[in-house]
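Heads up, the next two complexes both have subunit A, just with different partners, subunit B and then subunit C.
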Partner chain A sequence: MSITLKNISHEYNPGTTFATFGLKDVSLHIADGEAVGIIGPTGSGKSTLLQHINGLLRPTSGELEVEGIRITSEKQNLSELRKNVGLVFQYPEYQLFEETIAKDIAFGPLNLGLAQEEVDQRVKEAMDLIGLDYESLKDRSPFEISGGQKRRVAIAGVLAMNPSVLMLDEPTAGLDPLGRSQLLETLRTLHKTKKITLIIISHSMEEIASISQRIILMKNGEIRMDKPVEEAFEDVEFFEECGMDVPVISRVMYELRKAGKPLSRNYASVEEAREAILQAVRHA
Partner chain B sequence: MLRDITVGQYYPADSLLHRLDPRTKLIATMVFIIIIFMVKTPLQYAALGLFVLLSIYLSKVPVRYMIRGLRSILFILIFAFVINLFFTPGTPIFQLWRIRITYEGLRLASMMLIRLVFLIMGTSLMTLTSSPIQLTDGIEKLLSVFKRVGFPAHEVAMMMSIALRFIPTLLEETDKIMKAQMARGADFESGRLLKRAKALVPLLVPLFIASFKRADDLASAMEARCYRGGKGRTRLHELRYAKRDVVVFLVLIVYFGGVFLLGRL
Partner chain C sequence: MIRLDNVSFTYDEDEFPAVDDVSLTIEEGSFVVLIGHNGSGKSTLAKLLNALLIPTEGDVWVEEMNTKNEEYTWDIRKNVGMVFQNPDNQLVATVVEEEVAFGPENLGIDPAEIELRVTDALEQVGMSEYRHRPPHMLSGGQKQRIAIAGVLAMQPNMIVFDESTAMLDPQGRNEVLEAIENLKEKGMTILLITHFMEEATVADRVLVMDKGKVVMDAPPVEIFSRVEELREYQMEIPQVIELAHELREQGISLSEDILEREELVEELCPLL
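Let's turn to the complex of A and B:
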């Protein structure tokens, strides 16, 4: 199963003076188990795209097939789809509402109609996966823990539904550096061990480069670039033109190459770049 | 569903109604509301209907947009209509077992329906054509007459404008939390009344928490900018009546006077 979008367009407030295009003729295929990073300036349609894949928004025209379910502009029951496709919104901690953390995480599995034992099992698993201690936290209120932990609880609430596709809209926004790297590490492990498809929106190029295998750049509701991460940051001028920046290390490599150093490309990871620079130095 | 709520929203356009002084619109709306509940004959209703249609035309707000706003109060409209239709005593015109529709009931129900529709259209036309800031300024100016007896005109106007300002924000927030819970399998649309009411808990709790937090933040932000109420405050755009306001006032006096006289015929 996979995700296929065919010529998706979405218009907000059609027929009024506020009418704007959220997405314009977007076509896209995401294979099983891929880790895709979506970048782009604010208002470029990234969140709109994720909401389509989850069926929260229906396309104005075009159609998409997600995990074997077809979505068109027609109304339909999408509970089957939401079982398989988890979406973590921006600042998901604002959606917490239950008295205890365990109860809040159980909200999704319970909505799936699972038995209580199975739900408890899933809650425990999800908390383990995301790095929250089950015993000490399960009976505490989600409103008395720290912001980073709240974020984890909210993500656990989606993970507990056991999705085969996990989408996250700026999962690290507003977290401190430690919380950031811990969350990214968790997501990376999750992707590796559970083989789930990961789609992540982020404004941090380093983050995106470190977690995705493939980078999609969006602007004004269109896909402007779709490349494997190794090639994505080669064209620095293009990123600047789109109002974006490349990872610092790619920028360094780019400047070095511009200064005539014998380097072949702009790497996205620091380790690779280090190797390349060392090699170049040795050759010289 | 949420996009249907147009009460309190501003529809930016360039029209005669948009350019009018907010005080003119406020007074006109108030007079209009009073007139709605005073008129009795079908001819008067027709005249008021014509007035509403003309205003909508002059405001350049799409009719579809206005009708969408009515959809959100459809339940109240039907409720008021049905109650009046079946429970007004008088000469029966239709009877089936215990259910009886009287001539008086039909008349009262239709009148109530028309009144409510006019009421909503008239008032939403005012908010649609005036930005929240204009409205507040207008309300403050109108209420400042009572300042001398200790009435906090500025504070009341400020509260009103904050309330109006946050209607769209709250709707957006509701939409967002609703979607987030739907992504977790919440179902807001099916089931019986009790189940639906229960389904709202995951929506209302986060909404309340966010609102209190936002109110707190707003208060801090205002204090940080030395807000201390209306005393000694000057403004960038002073409200001034223009020639068109005078013309509109005259037209209104003649028109509403005419409507009033129609009832005496």
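Let's turn to the complex of A and C:
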């Protein structure tokens, strides 16, 4: 199973004076189990893209095939698709509403018409995957736990649907540094152990570099760059042109290289940069 | 000037104090950054500064006014303005200029004077051209700048920013930080509460809170040289500083006071 978009365009308010393109002729293939980071300025079409992949929006033209289901501009039943493709919105904890954490997470699976036993099992598994202790938390109110935990509950609600694709829109926005790094670690583990396809939108280049195998840059509804993470930050001028910045460590590497220093790549992680610089110093 | 003498605050339902025996002085015109993870007590501390909360023990003095004295509450709030995290929760009016005029109007200030204040406040945050626009059509960064203008129109001596950049995209964050730095240049006293450690590098002074206490209080250069200690308090080290630290540990001679990317590049160049 995989995700294929063929010449997708999406027009908001078509036929009116407010008509704008949310997506313009986007083609894309995402293989099973990939971890893809999507970056771009606000309003570049990142969220619109995710909403197409789980069928919340239909394309104005073009077609998609997601996990074996074909989506066009025609109306169709997409409940099967939404089971397979989970989307976690920005600030998902605002949508928590049940009396207990377990009930909140169970809401989706119950709606699928699963038996209570199966639902309980899924709630347990989802909490386990996202790093929430089932026994101590299941009966507590989702409103009396910390912001970072609330967000995990919201993500667990999506995981309980057993999706093969998990998409998250700014999953760490507003969390404190510890909450951010813990959630990223959980997502990395989830990707590795569950072989789930991960698609993440983030404004933080450092974060996106640390979790993605592949990086897609969007601007004005178009895909402007699509590269493996190792090559994504080589063209710093292009990022500037798009009104974006590369990760701060890549910028350090870039400036050293611009000064003629013998370094081979704009590494994004502290560890890679440290090793490359140490090697260069020893050879100097 | 603001002074805290042995201030503690415990919420009604809690066993332990959210702010625990804090004493400190914030000097006129200084730019102080307050960091700490969630639940460290930083927002509670901020609310104690303008009488949104009253200490359960100790005293908070704002320009020699004790926040415990209800007679002073409004003078204190005029003196210490606050800008919060979510721009959408702070905007009330349908036109930007009305939004900015809202505070001074409530104080019963003369309309001609209000007009001057609104013009000046919008100018200071670079939002003059949006004066007649509806606030809800603005970007997050623009909304926060309007919120700042609304506070400026009250002519405070100090502004507290309580995670005012947390919900913004990078562009919005930069806009707001630029507005804050402009205010600092003009001599405004600023307390910036943030999760983003990089924002602390431009401060005069950095406070780190943990479990209700101020556990570190020093200029940024010193704070960021104490990498292990910061890690203990679960603070994130800005990556440039982390890289410099790790290179030093590997025997590369780099000075301890590297905070910014440019400084690291400049020191590394002759070594490569």
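The rule is simple: the second predicted complex is superposed on the first by the 284 of 284 C-alpha atoms of A that agree within 3 Å, B and C clash if a C-alpha of one lies under 4 Å from a C-alpha of the other, contacts with A are read in each partner's own complex, and residues count from 1 in each chain.
In this section, a contact is a pair of C-beta atoms (placed from the backbone, for glycine too) under 8 Å apart; a residue touches a chain by one contact, two chains touch by 3 or more.
Since this is a predicted model, take the numbers as computed values, not measurements.
When the two complexes are overlaid on their common chain A, residue A:243 makes contact with subunit C while staying clear of subunit B.
If you count the residues of subunit A touched by subunit B and by subunit C, you find the higher number for C. Of the two partner chains placed by the overlay, only subunit B lies in contact with A:79; subunit C stays clear of it. Once the two complexes are overlaid on the shared chain, A:226 sits clear of subunit B and of subunit C alike.
Of the two partner chains placed around the shared chain by superposition, subunit B is the only one that A:158 touches, whereas subunit C remains out of contact. In the superposition on chain A, contact of A:120 is made with neither subunit B nor subunit C.
Residue contacts after overlaying the shared chain place A:87 against subunit B, while subunit C stays out of touching range.
Against subunit A, in their complex, subunit B makes its touches with residues 3, 11-13, 62, 64-65, 176-177, 179-187, 201-202, 205-206, 209-210.
Those residues of subunit C lying in contact with subunit A across their complex are 37-39, 85, 139, 166-167, 169-172, 195, 197, 234-236, 238-240, 242-243, 246-247, 250, 252, 261, 264-265, 268-269, 271-272. Considering their complex, residues 41-42, 146-148, 173-181, 203, 206, 243, 245, 247-249, 251-252, 255-256, 259, 261-263, 270, 273-274, 277-278, 280-281, 284 of subunit A touch subunit C.
Remark: subunit A residues 13, 15-17, 51, 54, 56, 79, 82-83, 86-87, 89, 92, 94-97, 107-108, 111-112, 143, 157-158, 161 touch subunit B in the complex.
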